[in-house]
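Shared chain: chain A. Partners: chain B in the first complex, chain C in the second.
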Partner chain A sequence: MKSTVFWGALATIFAAGLALTGVVQNEYYYNALYLILQGTLMAVAWNVLGGFTGYVNFGSAGFFALGAYTTVALNKALGLPLPLLILVAGVVGGLVGVGLGYLTLRLKGVYFAIATLAMSIVIETLVVNWSYVGGAKGSYMLTPDTHLWFDSYIQMLFVVMLLLTLAAVAISRMLNSSRLGRGLSAIRDDEVAAECAGVPTLRLKLVSTSVMGAMMGVAGAPFPYFVTFVDPLSAFNLFIAVNAIAMPMIGGTAHWIGPVIGALLLGTTQEIVKVTISSEMNVLIVGVMLVAFITLAPQGIVGLARKLRRGRPK
Partner chain B sequence: MSAELLRVTNVGKSFGGFVALDRVSLRVRAGERLGLIGPNGSGKTTLINCISGALYNDVGEIHFEGRDITRLPPYVRARAGIARSFQIPKPFRSLTVLENLQVPLEYAARGRAGARRATDEALEMLELVGLRERAHEDSAGLTQVDMRKLELARAMAAKPRLLISDEAMAGLSSTEVDEVLGILRRLNDAGITVVMIEHIMYAVMRFSERVICLDAGQIICEGTPESIVQDAGVQRAYLGA
Partner chain C sequence: MKFRILLAAVLTAFSFAVAAQQKPIKVGFSMALTGGLAAGGKGALIAMEIWRDDVNKRGGLLGRPVELVYYDDATQGANVPGIYAKLLDVDKVDLVVSGYGTNLIVPAMPIIMRKKLVFPALFGLAANEEFKYDRYFQIMPAGPDPKLDWSRGFFDLAMAQNPKPKAIAIVSADDEFALNAAAGARANAKKLGLNIVYDKTFPPATTDYSPIVRAIQATNPEIIYVACYPPNSVGIVKSASEIGLKAKLFGGGMVGLQFAAIQQNLGPLLNNIVNYDFWVPEPTLTFPGVNEFLAKYRVAAVGKGVDPYGHYLPPFAYAYLQVLGQSVEATKGLDHGKLAAHMQKATFDTVVGKVKFGKNGEWATTRTLQVQFRDVQKDNLEQFSGPGKRVVLYPKEWKSGNLVYPYKQ
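Right, the complex of A and B next:
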C-alpha cells in the first residue's frame, strides 16, 4: 500500500469517527465501537512481538491490566488527566516489556509463552494484594464531568481510542515494512542466522517487546474510565489475552494489516452476537473461528488472499 | 607475505564429555584461500561456529584483524567482516529470496554498503549465483540446490573480509561446483579471504592455496593441497588408503 493512500485512509477513518459523534447519539454504539477498537489495538500490539518477531505472548492481559491499574493508581494519587495517564501507562508497559525482552535470552518457543502467562499471574497477584488500588474488591472510577465538545464521556473515549488505535496501526506498518521489520522477520525465522547476518537480535527483541508492552499499556489506560469499576477479574480477564492472540491468527500474522482485519472481523462478530444472542456465546465464537482458521487457513485471511492471488494464472 | 587476518589460538570446545575442539590454533592471512577438510565429526563446523560466534569456545582466543573477538556476539563479528554460510541452509523462510540478502546488506554491511540501494546490490549478487529470476519468490520454496546458492549469496551480501563457506557445494552437480568455485575465486580476486569447508576433494584441490586437515578436534596436517593428499595421517583419517 502506498504511503499517501495509507495516511489518507487513516485520516479519513479518523474524520469519519469524529463525524459519527455529531450524528449518532445512542451510547451503545460507542460502547461497542470502543470494545472493537480496544481489541484491535491489543491485536496490533500482540502481533508486533507474536507475528513479526515470532515470540508468542500469552500474558497480554497482564500488560493491559498494568495500563488500567496505572490509571487507577495515578488518578487516585495525583488526579492526572487522561492524556498523561495514557502516556505513563505506555511507559510502564514498555518498561515491563523490556523486562520480558530479557527473558527471550533464555526462553524460546513454548517456554517463553508459559513464562508470559506466569508473569501475568504474578502481576495479578500483586494487584490483588495491593489495597491502595482496591485489591480484590476492585475500585470505582468517577467519570469526569468534562468531555471536551463531545456530547458524552463515552463519545470522547471512543475518539481517544480511535486515535490510539490508528497510531498503533501506523507504528506497526512502519515496523513491518522497514529495515527493522526485516530484522525482526529474520529473528522469527532463524535467530542464529540472523545474528550471523549482522542483526543485533537482543536489541531488536527488546524493541519488539517494549513496543508491544507500551501499546498494551496504552490500550488498558482508558479502560477504568470506560467500565467505571475495575477489579482484577475484569482487568486480567483471560478473554483479553485470548482475543489478542486469536485476532492476529485469524487475520494473518505476517503482515501489519492481518491483526486489523482479524480484530474488526472477530470484534464486530462478538459485539453483534452479544446483543442478538448472548454474551456467553462470545467465547464459543472465538473458539470456533480459531479452530476453523487454523485448519483451513493457517496463514490467516492475509495468507489466504495471497495464496488465491498467486494461484491465479498470469 | 600479507597481513594476518584471523588468528585462532588454543581454541577448545566441549559438549558435555565430548571434546569437539582440542586446543586448535591456526592463522589465516589476508587474501588467502584456505581449505578445511576432515572426516565427519572432526570439528570443522564447531571451529567455524566458534569463529563466527554462533558458539563460544570454552578456552582459547580468537583475533580478527588484530582485535580480540573471543567474547563478542556474532552480530558484531558479522559487522567486523566475518560472514559464513551454513552447512544446513538456514534461509529466512518467511522472506523472499531478495529480502534474504537485504538483511545482511542492511545490517552486517551497513556503513560499508556505500550509497547504492540495497535492493540493487542484492539483485546483482543474485545474478552472480544464478538466482536472479527467483528474487521475488519465497525462499522456503527453493530447491535444496538453490538454497545452498542462497546461503552463499547471503554470506556475500554481508560484504565480508573473511568468508567461511561451510559445504556450500554438497549436492551440487559438477557444473554447479565449477560455477560456485568460480564465484568464490572472483570474490577472492576482489580481496576477500575465503575459508572453504568441503568434502568434494576436487573442489578443495582446485581452490585452496593451503589445506588444513582436522581429525577428532585436532589439526593433524597442514600444507599445500598436493602435500596434504600425500600425508599418511590424512590418508588414514580421511581419504582412506
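Right, the complex of A and C next:
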C-alpha cells in the first residue's frame, strides 16, 4: 500500500470516527467499538513481538494491567489528565518491556512464552499486595464530569482509543516495512543466521519488546475509566491475553494488516455474540476460530488471500 | 349475584387480555450466567422469572405485562457497561436492575447515574460508597454500614459470654469481599478492645489450609473470624476438623456455608460453627410469601445446576423486583424521580420481610443474621430444607435458639 493511500485512509477513518460522535448518540455502539478497538490495539502490539520477531508472548494481560494500574496509581496520587496518564502508561509498559527483553534474552520458543506468562503472574502478585491501588479489593475510578465537546465520556473514550489504535497501526506498518522490520524478520526466520549476518539481534529484540510493552500499556491506560472499577481479576483477565494472540493468528502475523483484520473480525463477532447468544460463547468462538485457522490457514487471512492471488490464473 | 360474578369474571379476563396486548414494561439487567458467579446468577434469574410470571398472572404492572431483558455478563466487569448501554439505547428498557455482586454492579453505575435511573442492586457490598448515588437501592440486608454490620452480630454474641473472650484471630482470603469483611471485623475487634493475635490473608487459590489453621491454633485465639469465598470456606472447615482446631467461637464471614451442596458436603463438620446468613428456614423468619416462592423455586431449579433450596440469594432476587414493582404501582408510572422518592421513604413488604432503605441505599437497619449449625447429620441434603439445622442467634428479634458455647467439633 502506498504511503499516501495509507495515511489518507488513517485520516479518513479518524475523521469518520469523529463524525460518528456527532451523528450517533446511542452509547451502546461506542461501548462495543471501544472494546473492538482495544482488542485491535492489543493485537497490533502483540504482533510486533509475536509476528514480526517470532517471540510468542503469553503475558499480554500483564502489560495491559500495567497500563490500567498506572492510571489508577497516578490518578490517585497526582490527578493527572487522561492524555498524560496514557503517555506515562506507555513509558511504564515500554520500560517493563525492555526489562523483559533483558531478562529473557537467552530464552527462545516455548521457554520465552512461559517466562512472559510468569512475568504477568509476578506483576499480578505485586498488584494484589499493593493496597494503594486497591490490592485484591480493587479500586474505583469515577468518570470525570468533563468530556471536551463530546456528548458523553464514552464518546470521548472511543475517539481516544481510535486515535491510539490508528497510531499503533501506523507504527506497526513503519516497523514492518523498515530496515528494522527486516531485521526482526531475520530474527524470526533464524536468529543465529541473523546474528552471523550482522543483524544486532539483542538491540532489535529490545526495541521489539519495548514497543510491544508500550503499546499494551497504552491500551490498558483508559480501561479504568471504561469500567470504573478495576480489580486484578478484570485487569489481568486471561481473555485479554487469549484475544491478543488469537486475533493476529486469525488475521495473519507476517503482515501489519493481519492483526487488524483478525481483531476487527473476531472483535465484531464477539460483540455481536455477547448480546445475541452469550458472553461465554466468545471463548468458544475464539477457540474454534483459532483451531480452524491454524489447521486450514496457518498464515491467517492475509496468507490465505496471498495464496489465492498466487493461484489465480493470469 | 350470579350476573355480577360473571361480569366480574369477564371484566377480569378482559383486563388480562388488554394487559397481554399492551406494550410490555421491560426490565433490563446483566446477570452472571457463566463464569465465577454463575451458580448464584442462574439461581437469581430463576427467582426473577418467577416474579415476572407472578406479576403477569396478576395482570402485570400498570395493566401492562412485564418482560425481562437480560444478557450474560460472564462474571466480567468489562462486559457490563456495554450491556447496560445496549439495554437502554437499543432495547429501550423501561427499568433496570443490577446484576449479581459488587464487581458487576459498579461498572454499570456511570451510565445509570448519567441517565438518572433508579437502580435496585443485588448483593453489592458497599458498592455505592464512592458514588453516593441517591437512586441506588441495595437488597442485601447488610445494613447502613455494611463493612461493620457484617460482623457486628458475631462480636455481640462473643462479648455476651461470661467470661468475655480476649484474644481473636482474623483470617481472610485476598479478595474484594473477604478483605472488606475482615476490615469490618478488625474495626469491631479494636472497638471492643479485643487482642488481635493473628491477622493474615491467604491467596484465594489456596488448596492446602493446614498450615493456615495450624498457624492460627499456635496463637491460641478464643475467637476465630474467617472471611472467604466457597472453595476457601470448605478447605478451612475441613482443615479445622482434621487438625482439631480449638476455639470458643469459630466462623463469621464464610461464603458458601449457606449453599445446600456445600452443607451436604461438609455435613457434621459444620456443627456449632457460627456464620453469617440472610435467610434460613427458621420459624422466626417465615415472612408472607417466602414459602410459596421457595416451593416454586424448587420446582424450577430442578436440573438447572443451581442450589436446590435457594435460601441464600433467590429470595432477595425476587424481593428487589418486588420493591421495584411495588414502587411502580404506588407511583402509578415509570418516572424515575418519583420511583426513587418513593423507594427512599416507603417500607416494602417482600418475601424477605419488611424492607426499608437508608440514605446510602442500604437497608436502614442491618439484618445480617448469625446462625449456628446444629445436629447436622452425614449425607443428608433434605435436612437443610427445614428448620433446626441453622439456628438464628442474632439479631434478637429473629432469634430462634441459644448459642452453644464454647465451640466444639
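Definition applied: the second predicted complex is superposed on the first by the 312 of 314 C-alpha atoms of A that agree within 3 Å, B and C clash if a C-alpha of one lies under 4 Å from a C-alpha of the other, contacts with A are read in each partner's own complex, and residues count from 1 in each chain.
Note that in this section a contact is a pair of C-beta atoms (placed from the backbone, for glycine too) under 8 Å apart; a residue touches a chain by one contact, two chains touch by 3 or more.
Because the structure is a prediction, the values reported are computed rather than measured.
Partners chain B and chain C, once the complexes are superposed on chain A, both fit on it without clashing.
Of the two partner chains placed by superposition, only chain C is touched by A:Glu271; chain B is not.
The superposed model places chain B and chain C at 140 degrees from each other around the C-alpha centre of chain A, with the value given to the nearest 10. Within the superposed three-chain model, A:Phe229 lies in touch with chain C and out of touch with chain B [touch as defined at top].
In the superposed model, A:Thr146 makes contact with neither chain B nor chain C. In the superposition on chain A, A:Thr12 contacts neither chain B nor chain C. Greater residue coverage of chain A by touch, when chain B is weighed against chain C, goes to C.
After superposing the two complexes on their shared chain, the closest approach between C-alpha atoms of chain B and chain C is 38 Å. Taken together, the two complexes place no residue of chain A in contact with both chain B and chain C. Touching chain C in their complex are the following residues of chain A: 25-28, 30-32, 35, 128-129, 135-138, 140, 142-143, 152-154, 223, 226-229, 231, 233-234, 237, 239, 271, 274-275, 278-280, 282. For chain B in complex with chain A, the touching residues are 52-54, 73-75, 78-79, 83-84, 86, 90-95, 99, 102-104, 106-110, 154, 157-158. For chain C in complex with chain A, the touching residues are 33-35, 71-74, 76-83, 85-86, 88-90, 103, 106-107, 109-111, 114, 130-131, 174-176, 179-180, 201, 203-204. On chain A, the positions that touch chain B within their shared complex are 179, 182-183, 185-186, 188-190, 192-202, 254.
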